[in-house]
Amino acid sequence: MIARILALVLLAGFALAQNVVHYPTTNANVKYLFATAEPVLHLKSGDILDTNTLDCFGNGLKKPGDTLSMATGDNPLAGPFYVEGAEPGDTLAVKILDLQVNGNMGVGAFAPGFGAINETNYTPMLHAPLPERVWFYPIDHANNTATFKALDSDFSVKIPMHPFFGCIGVAPANGEARSSIVPAEFGGNMDSPEASAGNTVYFPVNVKGGLLYLGDGHAAMGDGEAAGSAIEVPLKARVQLSVIKGRRIEWPEFENEEAIMTMGAYRPLEDAARIALTELVHWIHKDYGLSELDAYELLSKVAKIHLNEMVDPNYVVVASVEKKYLPAKKRQ
Amino acid sequence: MIARILALVLLAGFALAQNVVHYPTTNANVKYLFATAEPVLHLKSGDILDTNTLDCFGNGLKKPGDTLSMATGDNPLAGPFYVEGAEPGDTLAVKILDLQVNGNMGVGAFAPGFGAINETNYTPMLHAPLPERVWFYPIDHANNTATFKALDSDFSVKIPMHPFFGCIGVAPANGEARSSIVPAEFGGNMDSPEASAGNTVYFPVNVKGGLLYLGDGHAAMGDGEAAGSAIEVPLKARVQLSVIKGRRIEWPEFENEEAIMTMGAYRPLEDAARIALTELVHWIHKDYGLSELDAYELLSKVAKIHLNEMVDPNYVVVASVEKKYLPAKKRQ
Amino acid sequence: MIARILALVLLAGFALAQNVVHYPTTNANVKYLFATAEPVLHLKSGDILDTNTLDCFGNGLKKPGDTLSMATGDNPLAGPFYVEGAEPGDTLAVKILDLQVNGNMGVGAFAPGFGAINETNYTPMLHAPLPERVWFYPIDHANNTATFKALDSDFSVKIPMHPFFGCIGVAPANGEARSSIVPAEFGGNMDSPEASAGNTVYFPVNVKGGLLYLGDGHAAMGDGEAAGSAIEVPLKARVQLSVIKGRRIEWPEFENEEAIMTMGAYRPLEDAARIALTELVHWIHKDYGLSELDAYELLSKVAKIHLNEMVDPNYVVVASVEKKYLPAKKRQ
Amino acid sequence: MIARILALVLLAGFALAQNVVHYPTTNANVKYLFATAEPVLHLKSGDILDTNTLDCFGNGLKKPGDTLSMATGDNPLAGPFYVEGAEPGDTLAVKILDLQVNGNMGVGAFAPGFGAINETNYTPMLHAPLPERVWFYPIDHANNTATFKALDSDFSVKIPMHPFFGCIGVAPANGEARSSIVPAEFGGNMDSPEASAGNTVYFPVNVKGGLLYLGDGHAAMGDGEAAGSAIEVPLKARVQLSVIKGRRIEWPEFENEEAIMTMGAYRPLEDAARIALTELVHWIHKDYGLSELDAYELLSKVAKIHLNEMVDPNYVVVASVEKKYLPAKKRQ
């Protein structure tokens, strides 16, 4: 709620001065790679992008009985969106102004070979895979809930919605092109609930224009995304894109009024956490002036470490600290 | 605050019917192993234990200038406490009724060879170790805060206190004796903020009497305990010990009015998370009646995964689900 | 020696019937990505390719005093080479007929941020990085040795050479483009000494023509490539490329007269080993007819597991079994 | 063969001057913990111990049809053997003079919950466990082979024997007592084929007398011990125990005429490898005089890394370097 009001206030403020650019995403114009590709739209730094995303199945599963074979692809992406002036060595700031679930049905699916506590492509075992299952989650917009309905008993329960982008990222460095199921230095399939309204996400700019991609909307997700999916939904989205010239970051970061947050993506999970923690120590040291060891000690007392997911090709952790625990910022 | 009131209410209720047994812990009677050892006290199931713990340095560091060489040992433990009727195959429930910081100064220390983002005994590297540093945290009981003071600049900030046992556990299975810096199936140095007033901790009983040990009080701790210590403090503690006959668990569990929680301790961190998640699926299936795949899917939408620490010999994760998301419990 | 004679015999046999195609690799035509790109050459299945590769520094470091800043890039690749008839779902067989060190000086380098027992980009720590160092290894072709010369004392020692491709791989699946420092399902920077004369390497064909890339010659390497480099050399190479229609594999494999070998690349290392072992069980089951559990048991008694490297973005393990321990092959 | 001859020569040399002490191990006197316990025998430094060990099942499985429920325990141990003069800070050297398979039948078993590519206690999954299976391996002493017989087809094959102690270790530090299925700093269930005739194993002395334990004989084992067992056999053993005063080591080491070897035991596997590699760099630096970075570089070119097992509670890696690649030793 607070985040929502904040977004509207910010939106109101920016609307006076900024362009709002509309872009409709469809199955015909989605991408499946974070890559250097032909932009679908050019924006100016500060412009607001008003778009939509398909769910991770390309909106292909619609009702009980539908199966994973009906998905049109994994994690179709809107974009890429080119931001003028963004050059390698800069940072792209994506302020998420508003996110709305764009439909009346969410989907959860268990896909054999994918999940935290079953055998997978990268943690293979000799067991027969568990069977595919699909759950459908009716959306109640008025009450902001999605309803879980058990498949093997008659239990159901409402889950509050907190929409976020499962996929948000830019073109990778060094000419790489990565599948939209991968999270890494360029963002990507981070499955970070931190990518929600009220937060700003920062990305390293690796190519001219940055080339932002969006997708894989989640209405709600448990930590770790244990069975491999969230409540998967299409989204309507409003984000503001800005270039921060000359600020170089190595990994995505998040920020809001209350906290600064760093993201690490790798395996094993402790390496993801090490990346996030190290980046956070560096950020505090550079922008808030604590020595590295003082920052390390302080984080040992007040850091939050959020396990976003442990099912994608890399595991994702977000480490954060509330600004109230930090000295005044050294520079703006 | 709510947890505290709850504890007092519970305490009021139990005080009518239950014995309260006092045991003073000192440097002369502490232990440094979770092991099958001579009990210091025998209690009946349902008895309340009123005791205290030393901090992880044996209360040896008292003021700025003191160094780690003044610690009298690592994680001295109160106990072991024998609970009558507890036998292998049972569960020992430890209801934490009250925890108070027992002193006016907390300690944080960076010890070379120990920490999440420096080289350690088990993740050794060729770098020279970072230098030892010690921070002192004045305690303000009236405002329930401890104050961080930077060593390398003049910044200070107050941190709210949430006292918990860093060490709580029982004698291990199979005759093992484990150092008090280790967390494992028997609990131990879990560094779980969940071991705080208002929560019940469950342990597998491996030997007659269960043999509970307590220690390593923390006034506050960040997720992951990144630099290797929390705000280390002595504690005054009040816990109620009960035997649940014939309920067999493999790993520690936590419970309060709102949630059920499972703990996994291992490396890499994903194995700790796998243990906690698998135990949580089994618990939901057994006690709340969802099928395993329904439980798995539900957790993928609403589970919390809390990285307690990634610095001890095993890393610790607590997975939890709020009871409001579960069917009614099948059995009491 | 045996491998060498074998290669010559095979070469003699093939030379009668097969085309030999020459392709000179230079700094002007190398690539830095395993990707779907314009082929530099089209070959027929069965053709022999006679080419050369630059060392991992683009042949930029030539003599004592030269530094890593003189490298023209990391792991420049020869190729891509298109093999007619290769289509997704097929297997590309690369028989390595001959490999020769193409120069008189090998290079070893320690690059900060890269190595098994120092802090790296993906296992970051707060320590200051260790310093860059470069070692030069004079090559003695007559005796097939390279000489290590200590930088900090006057010790030197001769090391026998066993040349192999550090990089050998094909275009990845799903349109991905991966840096030439990455090993994965498509092969790539596997740093596998198994990629040497006398062995055949199999790759999954992901795109039309397969698109083979070669590079990163190593004159000799320790298991794990602990400090991040082997004895880095340019190579002269002769390989035969063949398409196996309708044989689908998921990960690279190796084979010679004595053994079958599977490769896994991931982190943590146990996942790399799990991939290699699982693929080997499947291979034995499918082609040699043992049940999966019999194959698993047999490997528990006679498997070899070779840790190729634990320094690249994924770690690489090769699991193998000697054919003398297997039943007769079911099919050719 | 060479190792065997070497052992006999050494044996001949020592037999003149050294005591040979006999100790018969039976089900009645075995232990199941590496711990500080009452010694079964006191030896002088330099004495030769002539003893035997039971197999990992307590010799309980004897013939086809026998099941794991007939095991009398896991990894029963001979000992502990007290060596006079050994004190904390010293090193205990165990020279393995002779090892013989003591029986006519070896056993291999797949136990659900234990193995490298099936779900286990510490890598739990939601799959149903694979079924228990037991294989019997007839021993041919004359030809030094054990025969694998497939359970699901009629294939059989002879495997050369290379007997070694799966368990060899001393009392742990800090009063810990560890199950005989655990490998760690004190040695233990290392499953290292390096613990074979002709090699010397070094252990840190943690308690007076060192307290050596032996057991878990293996007639042959694949790298990784993938399915969780080797060819399990009772052994007849002859070892010489010596105290090296004032030499302090942190982890077990191996040595023979050709090589020095270090052992690391932990999870994930890369931490086990990091321990072994770091110890090896330190050993080379201290005893052979190369700088740490020169040693690191040299290992990157010539080290061997042997994955002993990835099925026990800790995974075990042995890193080694041949002495021919090292400078002359600085001290004896």
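The letters A, B, C and D name the chains in turn, as written, and every chain counts its residues from 1.
Quick note on the criterion: a residue touches a chain if its C-beta (ideal position, glycine included) is under 8 Å from a C-beta of that chain, and two chains touch if they have at least 3 such contacts.
Keep in mind the model is a prediction, meaning the values are calculated, not measured.
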Least step count from chain A to chain C, where 1 means the two chains touch: 1
Per Cα centroids, the chain farthest from chain A: D
Pair joined by more contacting C-beta pairs (C-D or B-C): C-D
Whole-Å separation of chain centres (CA-atom averages), chain C against chain D: 33
Between chain B and chain D, centroid-to-centroid distance (C-alpha), Å: 36
Computed distance of Cα centres, chain C from chain B, in Å: 48
Junction residues of chain D, two or more chains touched: 117, 123-126, 130, 267-268, 274, 278, 281, 293, 296
Contact set on chain A toward chain C in their complex: 32-33, 35, 122-126, 174-179, 266-268, 271, 274-275, 278, 281, 292-293, 296
Interfacial residue positions of chain D with respect to chain A in the complex: 117-119, 123-128, 130, 268
Residue numbers on chain A that touch chain B, as the complex places them: 108, 110, 115-117, 130-131, 133, 135, 148, 150-153, 155, 157, 159, 220-231, 267-270, 273-274, 277-278, 281, 289-291, 293-294, 296-305, 307, 310, 315, 317, 319, 324-327
